[in-house]
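Sending over a structure as structure tokens; questions will come in a sec.
Note that the chains are named A, B, C and D in the order they appear, and that numbering of residues resets to 1 at the start of each chain.
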């Protein structure tokens, strides 16, 4: 757990937002607190859904343990690390939870290790579907409820706040298709709208910030130099030795362009164009092709942020919606809220970057401007 | 001006939000302050658009005078009063500004009365189109910039806040079709999105709140009883005698159901159904028809909020958009922001109320529920 | 109760702080909410002090009723009104609670009228000493806990905030001298310090603001003109007709200097000197004497704010302290906190005003400056 | 500079306040921003005090450079590090600024290295006494103005906030004894009071928090184990290799009780008694003596926080006061504000801790309680 104190919640975002230095550790405590409030609210409203008081107490402990541990599998700089090493943090979580040290900690909390794991990795067979949604669900999870507020606070982005008190107070359990599902009371629709909007705002302002994205790209290159063998950290004991600061230490010893760029915060790439309002992808594709033709593939980087998109407010499709109490039973949030319906569906935010050392940035921007006209 | 101290900015909304007791007077000061900040920002960025320093100083005084006076034509409970008396507040403004007392005040500010009036009523011939947008424009006016923040603060609705500092800092003037138009720098797009979203949230939470709407409906009936002759207040000198508190005083003397309902805060109507996510009007129309058939026209009230809709975030159509700086000149905000494009266009929020004394509310709700399926 | 909607919590302070338009009504709701939280906290911590569950439920209802009604006896512009009419609001409360209408309201809440009255007027024989402290005590009353936060919020004075959550969470009941007394847990000392400091800040910034004080002085004169007979409002039925707005209406009909000054917000007095740091009264007395000698008694006003001083943070003397949990039983807050000890004791804030129309203000200030040197 | 990103502003305080993870780097940026605002305000008010525009521009650059670099000499865990290694951060600053790399950076900012150093170390001969006060003065320095707000924000201690906008707006320069001195306008007195109070609150809540103090004590022991030779880091090049995270790494390799305690966050000491309201030191001395007699010197730790006391709000003695504009020239802030006078002077906060492994904590507390009675 203490390793999380040395993983920054927002990776390199502190290069664009200097105060974004908060760790995954404080986020884990926050998610635990948020989830506890959500659980107590659900228990008050739907006491029968949790069995007798011993069963309810067990589920409360279980939820808290899972939220505390939900990010334990993250490596340094999370997504960049995963891409280089190829092991998703969910699998890491499994390995780490199997460690004696962690197992003993979980046992001391009087919960079953497998139950904890099921909630964190989102096991569809978990006997606790509502808790699973609170831990790893795509919409109303305590993880997201905390990190949105926390990231907004520590970056200072005021528009990332939402009405968390009202949202938690409106949480309800419904039976949908014979299973328990998380949802909200009709009075919570505006709070849910504020939650969905806050997600949108945080993506637009912070998570997709071009400075952060650019340095993450460079970091990706540098990590490949630190770990030329992608299996270097396969061993859990080795993996656990690493955190953000050790990576940064190691970069000091490496004499490659990427490591030097990070060390000296050199802006290797420049933003040529961004497309955050595309309803079709053609302008993006046209610019991308034109830049590549003019400057060569190796000098153009098209950032489609694909790894982040699953965290977007648009993940309301399929059975992954939020249910809202209605006079005839629960209904899809998109039916009762135009705003949510409109912000749902697929998004296509893209950014085009060019390498400064090889490209005339002004020319690249002119090319894109003439094509986007 | 001092009369505005006795007109509540949000009319009867204090019946739903007890602390919403702020007056149009404090709003006028706030709009003046917001507009001054906006002006200084524009002058810094586009100094040539304001002529020499004497011309610029005149325009600054003019803008401030107009914002201070922009609500002077409002009567008690604004919209309800207008509907009963039939004289729009724009015409009242004209009459009031013509009064000696006000004219002298304006002259003391060293600005032309007609220039002030042109900005407030949105005269298309005003020689100051950018200032006119700041006073009475449909989108980036200082009026709205202040009242959204202010109403959010005094109701306590956290989600109504937006990033006003960033929005003001991004204001720019553009030439569009040979005329000066107000717009924003590309860096302000997220702030503009937060502004548009805050408007949406305030409408959803406050301005269309069913309790407020219901009491405004009852007030409308009661005002007809206070002023059986709709021309009673045609004379400006008479009009100026009236404010919220005098209306409330008068209600104490009237023995009609509407006056009694307001006096004792009796909920005359009950909400049978609301439609805040309709992309088509059919479910609303079906319910409306069914309720009327079952309970009679006089016991059903369909609130389409038509008078408020022009203040909605959806007023971005036609030439009424916000311009955003682009590499090839200013572009429509809807082109650079999916969020704004999605929240633009027409809205159809509707509510159906029934009279409690004559209608079985539970039955009315069942009827609507069965039709909304 | 609804009359409180037309009494501003801060009287004329809106002339210095334009947004300070909040009413005693919203404060009454806030005090009720704050007191309920305090009660629930005490019940959780000291369940045995409240008798069986029926007794505890009764006391909860009683406390809520008393807080809701605690300001019912205030007339328009509270203190000014009391000074002119000579009837303290405590006696008014007694008369008002005796009214059929109010008695019935209280009976409907299932509490005894006399119990309510005992809490509001601070009856030393009240069988509920802890509740009495929460309603009308000199330090930890829910009245003050709400109005400090509320006045700070609506004036926008940031330094008036204190840590109310922590303060409420630290509330405890102690037995002191055989009676229940309100106090705090040792962990709440810093929150109590912030509470005491916030009081100090609000007095310095708002309650003693020279503009407000000056207009209150003028109002006092004007009220004497509205009610030349000090017994004019002795009858409760007459008293109840009056609120802030009726007083302001009446001022429009009176042609005296004081009424005209208020109507036109003319600054009749100018501040010649203020003494907010006197540990002895001599500099004040010297200036006061010199001004009176030079300009005459009728042109000098020495504001000692005596009526407000009982609300000051210095009311910790005698048995009116706050008790703090200690290893050997409860101790006086001044023993565990230097800050509280230092802010306790008597205060001597004074202001000297002169009448502008008769006095050369600059000369008056020079006189005071030369004596304060 | 980048090393500051790896020094936490509040050292080990994150063990008591989990979100207090902000670095000295973000504080340096904040101090620079705060100081710039202060400078621009002073320049607006006292333009003649800064010479011609080139001189003023130089001083602005100088102030910004000094604030950016003012903490460059801090080692890991600042005070603990200094105590073990014996080299004060002021001397380190001198050494570091002499480095080629830093000198070049300073030269690129077009300011003189010696001028920068003079401001940071508070050289009494500095030709820029007002700037020196803004950088390293005992009261109105931009360093403190930033860190109080920042530490309050990142710990979440609401009572640590003060009215910084008003304080900065009231800054003025005065001539006192033939020299420029920093002070405030009379309207800023309440803001200054809020500043002084916020300092008090932050010391009471955060800087002297017993958990933090205890771990700092243990850290002190552990550092002695990491650097058995106190001269180990005398060389600047060696010193610069160290940051918080390297210290924590090293603790993992050491098998001593102190290192193990920190690694596992074991509470080695327990609080036996604290004395934050002593006007005399006798109760503290009695308890200290009694504990030492009963449990032995090595098991008792008397924390007098002497190293921190110079940062206390009480540093207003001698010529180190804040000057306030008065009718007869600048006066000492303690003369115009009772609050500041009362919070000035010497403080004697003390805490007594005992070693848990060797002492019966309950007994120790009983001993102290009986003596403090």
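The criterion applied here is as follows: contacts are C-beta pairs under 8 Å (C-beta built on N, C-alpha and C of every residue); 3 or more make two chains touch, one makes a residue touch a chain.
Quantities reported herein were computed from a predicted structural model and do not represent experimental measurements.
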Shared interface partners, meaning chains that touch chain C and chain D: none
Chains touching both chain A and chain B: none
Relative to chain B, chain with the most remote C-alpha centre: D
Rounded Å distance, chain A centre to chain C centre (Cα mean): 50
Approximate Å spacing (C-alpha centroids) for the pair chain A, chain D: 36
Residues of chain B touching at least two other chains: none
All chain pairs that touch each other: A-B, A-D, B-C, C-D
Complex contact set, residues of chain B against chain A: 158-159, 161-163, 189-191, 193-194, 197, 200-201, 204-205, 276-279, 326-328, 334-339, 341-343, 347, 365-366, 368-370, 372-373
Residue numbers on chain D that touch chain A, as the complex places them: 5-6, 14, 18-19, 21-23, 25-26, 29, 154, 245-246, 249
